[in-house]
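Sharing a structure with you now.
Residue numbering begins at 1 within each chain, and the chains themselves are lettered A, B, C and D in the order written.
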């Protein structure tokens, strides 16, 4: 029997597979497809201080081996998440959940984080400083080391649970931003969020997305994500949650060899609601194929 | 009859399709497959001051819908290009060619550019400040606006032919770098070069590329390239040559709607030596399908 | 879930009829849709169910138009091939809500490729003892589909074409207008400008109805918020809370 | 170029024999290779030609081992399917150069999946009136391939396995060593450590030879510089200037 357990800031996961924020809602929609308690955990939909409708539609465009989304952080607001989504979730998910924290100002990040920090169901805060789909906020924090550090510091001061900062890949030097977050007290890092991309309709000759540009994710971005996970994991001491295009158990192993402690799965959930279940089931076999007994053994293997 | 002609800095091309540097050698290898005079032009292999072997092998890794290369600017050196490759080329290619200029210092860029500028067969200089596969040079110029401008200024001062600066996509803000090059005198911009990526072998648990990381190209990167072309073309007045994942005539049209004046095709040539021929042949039909009479009419259509 | 293609044939130059064998038990309402994975494409294609036999070894029929690359590829899939499909998505038409409103003589208005889901609906309404009539609108005669299918159900079918090459010349609403008074409820599916015109028709004649919408989707089962729209009762996901909206909640 | 699969059958648990019909006129030498597009994968897979009938409506046979995802998918391609293949790539073995060296009794040394290209070579050498012998090395008896094919050509075949489960136990060079004196030239293809050992054998016995190399490739026809190696005569592309290098140019 192989051992698929990993630990994120003191909380043990039965396996490293975590549905990524924005692709799993608050878990509800996947109940029809499988018992989501088999997951390591999941990261719930990005939550802001107030309810948001998000961007106009179309919000989705197809790409070769991937997709664009410009949802723009649609969510019911942190109050509603606490009063409705989390109690609901507690009826069918019995593990600590990862809370994806968003804001348009440091004050908003702090408020949302503090409120979610107080929820017993929440195991970790994942502070998203990298959403490319909102104007005048989000992304700006993720593309500067100083701003990233400022958000991290403020959230850490207001919370007790482990804080994972989610980094943007749309930067020249992700390592310096990662280090700034680590120095500011981040307990871990999540990467990557979506790459900024675009598609144009030949029929209308205009951008397909109402928002013009959107976040690019799916298997197409895997080599970029893997590179960034490798670079960051080597440079920091805190755990890294790797993501970007992960679709198979082999992808999970490759991410962990690059230095990821756990792995998130995003777009794959949308095209195949059973994606995470299939990855979790395939993982032991893939480990055996490559002679891996204990998953934590391969952590960072590619650079050690 | 539709009109596929475009003009790059005063030189008319019969069509906008240009094989990208590094994927077409000096034209020789494609002669077995078709008469390359049907091309708009082509950009020859990145040339440096001295002969280079490049990086160790493996230099190639496969990805979903794309590939990594870490060739590392293998080339016979500018002298040999001038004394052997260009005379050879003149025997079977009768159009101005695009010279891809590389260097590890501003002096080297200037020297290589000046020597190629003096060649009658050369129509344009494409100054590559963005190769991700060489240490201690190349990339560094492409990730800072000041350095990019400095290379541009120096090359412009030493040459007479139109200078296109080839930009790196591995940056936070490609528009500011593009503008810096324009302000420094660039006659046009080429984008994008490859994205920095990586793959790890599950068999060896080590990076597949001997160089660890490599440049990611192919259809997977198209939405990122298109977004950058859109952003840059809207922000500058000089022509933009768009590239990154272009594989079909439809991709060419999408790039031009984003604001590209001409379009380069890279990795597609490697998996299908007839790629550019097929694109050129399909272009008139694709134009008719979308009601386009004159190709230049759609230039920047998505932002106009 | 895996489904075997038992039929994939052209009805017109652009429209195909696709029948798939497999587990169809998750379909509960006409107007629901399936997410069809076309090999070689990343996202699934949402296609409404035209009709289905609900069973573990059941079957479903979809009628689709070749619009872009994905549906073009779908048209090339041979009989016997296996497709990955998510069935039973969305709310579908809910005649039970119309019955609560005591409707007896509904008018079904379909435009172009919005016509197929009305077929399953029509059968359901007949089973419920209602007396539906059908108005179908197309561009030209060559594009007319499913007229015979509805006729075979024994319901009155009124066809309109924009160029008058078949049926009455004009819009579906022109035909529906002449039927005013004879129907007490509307079910409709078609391009958004048509839905808006039908909404106007309902307003003018004070008739309630159910409207089926389209939106670009990623998941199709409510997880991504890709397909949200505003309604009078807050935001809804076209894929999960729709594609059918009640007239009263639509903001126009 | 398009080729129809006329055969794709297992020789062992991992090794398959693939025959393709189509234009094979660009093959001129044994040891050349083809770039096979496996549907769903971005890069082509380089596979050596085992044998071929050169004609516009010709055929080629490739023998390949399932190593990773691409070759696994290739093994699932049915008879009758059409594959996109670039044929006639690389220099191949050049017996004409050996003849210039007056070689008459060449030894062909194949290791594992390096064995196939030696079959076409062996036939060519026999046609040229030479008297080749063949040494084939594998891991275990279950992995042995093509022994009968060579035997049917009437040449002496010596098999070695690492575990001794078939033929002589040991390396190909152990077997070749016992034949020293009986051969005046070496052609070899196999994993690089084996090639290096064969190089040592040649050095010890002052025999010249031709060595076929592998490298990760993108294009396979000389355009990308993905497959370069150093030789005594400068850098060469394994795909275009190779895959066969002459012993004298190899740097070891």
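Please note the rule applied: a residue touches a chain if its C-beta (ideal position, glycine included) is under 8 Å from a C-beta of that chain, and two chains touch if they have at least 3 such contacts.
This structure is a prediction, so every number in the text was calculated from the model and none was measured.
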*To get from chain C to chain D along touching chains, fewest steps?*
3
_Taking each chain's centre as the mean of its CA atoms, which one is most distant from chain B?_
C
*Where the CA atoms of chain B average out and where those of chain C average out, how many Å apart are those spots?*
47
_Can you compute the centre-to-centre distance for chain B and chain D, using the mean CA position of each chain? Integer Å is fine._
36
_For chain A paired with chain B, centre-to-centre distance based on mean C-alpha positions, whole Å_ = 34
*Residue list for chain B, restricted to those that touch at least two other chains*: 63-66, 219
*By residue number and range, which residues of chain D touch two or more other chains?*
none
_Tell me the shape of the graph of touching chains, choosing from line, ring, star, complete and other._
line
*What are all the chain pairs that meet the touch criterion?*
A-B, A-C, B-D
_Show me the residue ranges of chain A that touch chain C in the complex, using the header's touch definition._
22-25, 28-30, 32, 45, 53-54, 57-67, 69, 71, 74, 208, 218-219, 267, 269-273
*In the complex, go through chain D and note every residue touching chain B.*
37, 41-44, 70, 84, 86, 215-219, 221-230, 235, 240
*asked:* Can you tell me which positions in chain A touch chain B when the two form their complex?
replied: 63-66, 68, 143, 170-173, 195-200, 202-203, 205-207, 213, 216, 219-224, 226-227, 230, 245, 250, 253-254, 257-258, 290, 298, 301-302
